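Following are the structures in question.
Next come two complexes, and both contain chain A; in the first it sits with chain B, in the second with chain C.
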Partner chain A sequence: MSARRVVVYWTAFSVILALLIVAPLVLPEFWRRFLTEILIWGLLAMSSDILIGYAGMVSFGHSAFFGLGMYGAAAALLLVKPPDLWLAILYGLIAAAGVAAFVAYFATRLRDIYFAITTLIFSQIFYVIIFTWTEVTGGENGLTFGRPALAIPGLFSVPFTSETLHWFVLAVVTASYLALRRITQSPFGMVLQSIRENEARTRAIGYPIERYKIAAVMLSGLFAGLAGVLYAIQNRFAAPDFVFFLISGEVVIFNVIGGIGTLVGPIVGAAFFLLLREGFSRFFTEYYLIPVGLIFIAMVIFMPQGLLGFMRRWLNQ
Partner chain B sequence: MAGEPTLEATVPASAALGGASALILRTEGLTVRFGGLTALNRVNFDLQRGEIRAIIGPNGAGKSTFFNCLTGVLRPSTGRFLFNGEDITGLPPNWISQKGIARSYQITNIFPNATAIENVRIAAQSRRHGWSLLTHHRAYRDIIEKAEAVLEAVGLRGKGDEMAANLSHGEQRNLEIGIALATEPQLLCLDEPTAGMSAAETRDTMALVRRIAKNLTILIVEHDMRVVMELAQRITVFHYGEILAEGTPEEIQRNPRVLEVYLKT
Partner chain C sequence: MLDKEEAQDRGEEFWYGGKVTRRRLVGWSAASAGVLGATMLVPAPWRAAFGQAKPYRIGTLQPLSGAAAAGGKTALVGTQMAVDRINKSGGINGRPVELIVADYESKPDVGRRKAEKLVVEDKIDVHEGGFLSNVCLACMPVFEEYKIVNMIGVCLDTTITTSKCSRYTFRPFDYAPAQAVAFTPFLVGKMGKKWHIAYADYAWGQSTRDAYAEEIKKAGGQVVGTTGIPLGTADMTPFLSKITGDFDGLFGIFFGKDGVTVGNQAFDLGLTRRYKWAGDGAIAESTNLPALGRKIEGFVGINRYIPVLDAPLNTAAHKKFFEEAVARLKQIDPSGPLPDRYVQSNFEAMNALKMGMEKSGFRGREDTAKLIEALEGLEMKEGDDFPQGDKTLRKDDHQAFLREFIFDIKDGKHRIVEVVPKEKAMFAPACKFAST
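And now, the complex of A and B:
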């Protein structure tokens, strides 16, 4: 990309990052928490964008990766004393990677709607297992645990405050964004995009499509699991509701609203959706989904590219 | 010719190995059945390295089925084929591509929403760096240079940044060949490369095929008899899934059986 565009891009990036760093210092407690949560859901949506927007595979199974990330973190925080932040992340990633490997191996044999349905079915299988295996997972009630300290071994260890938690989440989400952005621009990412454009031809020029798809699902699952770990740390519980396919559906909605194939679009989509829901639930109480649904339908009709769809080429330069 | 120096770089050294007389491709009893229909019937076909061979025949003669077999899209019902002496029957298309067989398609089959350079770059990248995750794709100069050389070779220099979907039909047909060429094949199968082209575009594409034929073996399915007779050193005539005749263009033009089933009609 031209030098001027580079400057504009990184300037915008820095300004937004600076705003997000300063935000918890000026926002009241409720909105501070809300913003942190948006970042976590944004990371989940962004992980799914790798599949939807870049590889052209719509996953309805991201709740499984997210949920297993939560339960993996829960395992580390409950079983290891004292609870350790990095161990929680490690356990969460391992759990999510295990599920992702399983789902990837079977689901990538299918394409399009069949892939979507298979991922949905797998996530429901994990939901049922977690829901019924009460001795290990706490069943319907889930698991509660304490929050680990923000620590770097041998350097310092302080309890999380809502500000430091926000900054920690922001750091993880920013690093994930930069990593995913680089991956989508790498030769590997270009292969995913050519699979989206023309799968048969991509195979004909020598790429083992299945392996690329498996790698893409695993990668996506890892980042979704990371989001699950962050959510577990923020909320100090893991619950089967988060493995349920409703979450997967919301993730797809975040992507569509924000603009697929942009990475940041899904974060914006998550923010937009959560703010709408928050706002409408104050006025319409339990009927808030009606106006949210109407707005969603209007957006799909009038703005099918999503909020950031118009910037897609620029964001991927 | 202006395109020649860069073209040398587009072809692997291995393509020149083996000597002019070596067999690059041999099929033994290749048969494809679709239910009750036999699309290819015990085809025994030999191709010498460095040859330009045309395959002609009426519609439904099995030409495209033959290509689909060679490129792994179809698995033959019986029979096998050897590429450089190695039995690669039934391998998936991506493996066959890695072995060195590339094809272009009768119906243009490109990446329409990518630029022309990106179309050939992704093909060039299939030989190396395909699993690199953390380096920007533009950092691999070798791939970009290769892609630029291929674009120049197929006459699309200066069109690199245009979306493939916005290229003219003739340009898309040549991009189609460029994608195949960028995978560094030893054997290039062209399925009606001049389909739908104007007379001038056809002439350019014939010149292009002649240029690239200096470094690789070409198998070409074509309906335009003028193209076939001018380009091919030898011609194989398919009819109802079987080889009806084989020979030089002059022999084929005089062959009474070929005249009967094909050329006269």
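And now, the complex of A and C:
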């Protein structure tokens, strides 16, 4: 990256971050909460971009990582009194990582459509377990719980407001983005991209690609689990619907809309899709998914490189 | 045959050939904005009748798309019927009702967001609706946080008025424990002592199974076995074929298309001829009857509402409700289904709200406490507002008790076999409201 590009990148990053920091102070309450939710879905989409965009592995199992992160957090918030934010994060990450390791071990032995189908099947297995194991998971009704306080042990403990929750989520998402950006630019990230471009040649060079793939799935699952934890904290409930494969499908849509292999693109895609859905639902009630679907089809046809790629081309014209 | 490079070039030319210009994008955006703006200029229907009177803003969350869309649209018919009737007869406390409908796509995350939108953006005074129990449960904390009365329209899950009850949430219709109390004496006394229960294997099916198992045992009967079948199973034969043994009756707990599946496949396997066949009324809901055909003949069920005009439902109030519901349902489904319990309970839930709002002199959210007080213990009398019959909204758990209809299916139609008065459908409260 040239020096000029670096300056432009960090300037744009700082401006967007500043706008997101200020947003809850100026936005009406509903939109404030909605923006926080967009960030959470954006983190989930970004986590899947590691697989889809960098490793070239389309996963339909992200709902399992997201949902298990959510249920892990729910377990901590229901079992530990008083509810502890950091324990919720820890439990959620452990649950998501455990599931990701399990899925990765089996699914990474397969490629392309077979990998996608295997991840989908795993997410459905977890869905059925959660849906029917009512005594533990609450079954179809899910689990409801209280929101923990924003606390650093020994320093302070204050209840979350919608502003502080937004800033907390923003901090987590920003830190996740920077970490993932660093990882994707590291030699590890380069190997993932090499696997995407030519798996056989990467293997021939001597890279143990199975291990790289397992690490990629686990990393991706970990950040998806983190998104699940944040969702649980924001909305104070966990439901099996979040483990259902349709959530994974939406995440793929976020990636396609925003632009795969960009990390920021999936966040933009999530924002665009959710805002579009929310906007149209106000005018067309139950029919709003029709224009949303038509716009998605148009985008796939006219902007296959996603919003970010389109903007880049438009600005360069 | 094109070589790979040529094909790629052609592809790139097609995809990136400058089809989306800035001018076109601006043009499309302006046209879209124009269409949306035009829809916003259409005046609300109640404006002409009420002039400048400030309307009550009542929100209703319904699944109008997604898996539960068919039921959600039916439920909305009941709500809209009640609102139109209220507005035609002078509104509530002289003020019209503006109904704000939100579709939650049958998803709890969307439901939660829409509940927040109704509460924060649309500034609703009260909420009536909710169809899927998981969405009802996900949204209840929102109504609690903003101190808004939430009158449930359809959600059946027992925990809504037991372990997860809320001071702000009311259910003006029955739940599984009450139905079990009402139905079991008939099951054990008139049909048989030994029962096998087949149920939809998820929260509602499991809690309903437990309620019936307990009541059958209390009544001196016996549950010899249970079979859980995953929700949405298209082929139930592997599960149903294992149901054998020495018992008198098979009891089914299913709803929607699962009700159709179990009805058809239990008949095909001969189970409904070998054993007495009974179950939750949702199996033989009027919307399911055409798909079940003659295979559901002889089924005995319980329901709070069945679409018949026989005694005691041969009242003028019920006839009026029935005819209007049939006409409205025909608008959304040309096959002309008869009204079901979803239409009835939403219609009556809105009228229960109206009654409470009038009784408490409700002006808006600031009077939520007064409205809760008015609704607690509310006695609803059979009539135009409550064509199903009398009901009581219990103070202890905000759960209503009402008469139940035990019916069978004869010649493809519901036939009332026995009416269980509300006093015989009572179940002890199990709710502890959180202190506010």
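In this section, the second predicted complex is superposed on the first by the 309 of 317 C-alpha atoms of A that agree within 3 Å, B and C clash if a C-alpha of one lies under 4 Å from a C-alpha of the other, contacts with A are read in each partner's own complex, and residues count from 1 in each chain.
Operating definition for what follows: a contact is a pair of C-beta atoms (placed from the backbone, for glycine too) under 8 Å apart; a residue touches a chain by one contact, two chains touch by 3 or more.
Keep in mind that this is a model prediction, so the values were computed, not measured.
Aligning the two structures on chain A places chain B and chain C next to each other without any clash. Applying the stated contact rule after C-alpha superposition, one finds that A:Ser194 touches chain B and leaves chain C untouched. Shared-chain residue A:Asn235: touches chain C; no touch with chain B.
In the superposed model, A:Tyr207 lies in contact with chain B only, and not with chain C. With both structures placed on the common chain, the touch criterion links A:Val128 to chain C but leaves chain B unconnected. With chain A as the common frame, chain A serves as the apex of an angle whose CA-centre rays point to chain B and chain C; its value is 140 degrees, to a multiple of 10. In the superposition on chain A, no contact is made by A:Ser248 with either chain B or chain C. Residue contacts after overlaying the shared chain place A:Arg182 against chain B, while chain C stays out of touching range.
When chain A is checked against chain B and against chain C, the one touching more of its residues turns out to be C. Following the chain A superposition, chain B and chain C show a smallest Cα-Cα distance of 11 angstrom.
Common to the chain B and chain C contact sets on chain A is no residue at all.
For chain A in complex with chain B, the touching residues are 179, 182-183, 185-191, 193-194, 197-198, 200-209.
Chain C makes touch with chain A in their complex at residues 15-16, 19-20, 22, 36, 39-40, 64-65, 69, 73, 101-103, 105, 107-109, 112-114, 116-117, 120-121, 133-134, 137-138, 140-141, 157, 159, 164, 201-204, 206, 228, 230-231. Looking at the complex, you find that chain A touches chain C at residues 28-30, 33-34, 37, 128, 131-132, 134, 138-142, 144, 231, 235-237, 239-242, 278, 281, 283, 285-286, 288-289, 301-304, 310, 313-314.
Interface of chain B with chain A (complex): residues 71, 73, 92-94, 97-98, 102-103, 109-114, 118, 121-123, 125-127, 129-138, 140, 143, 179-180, 182-183.
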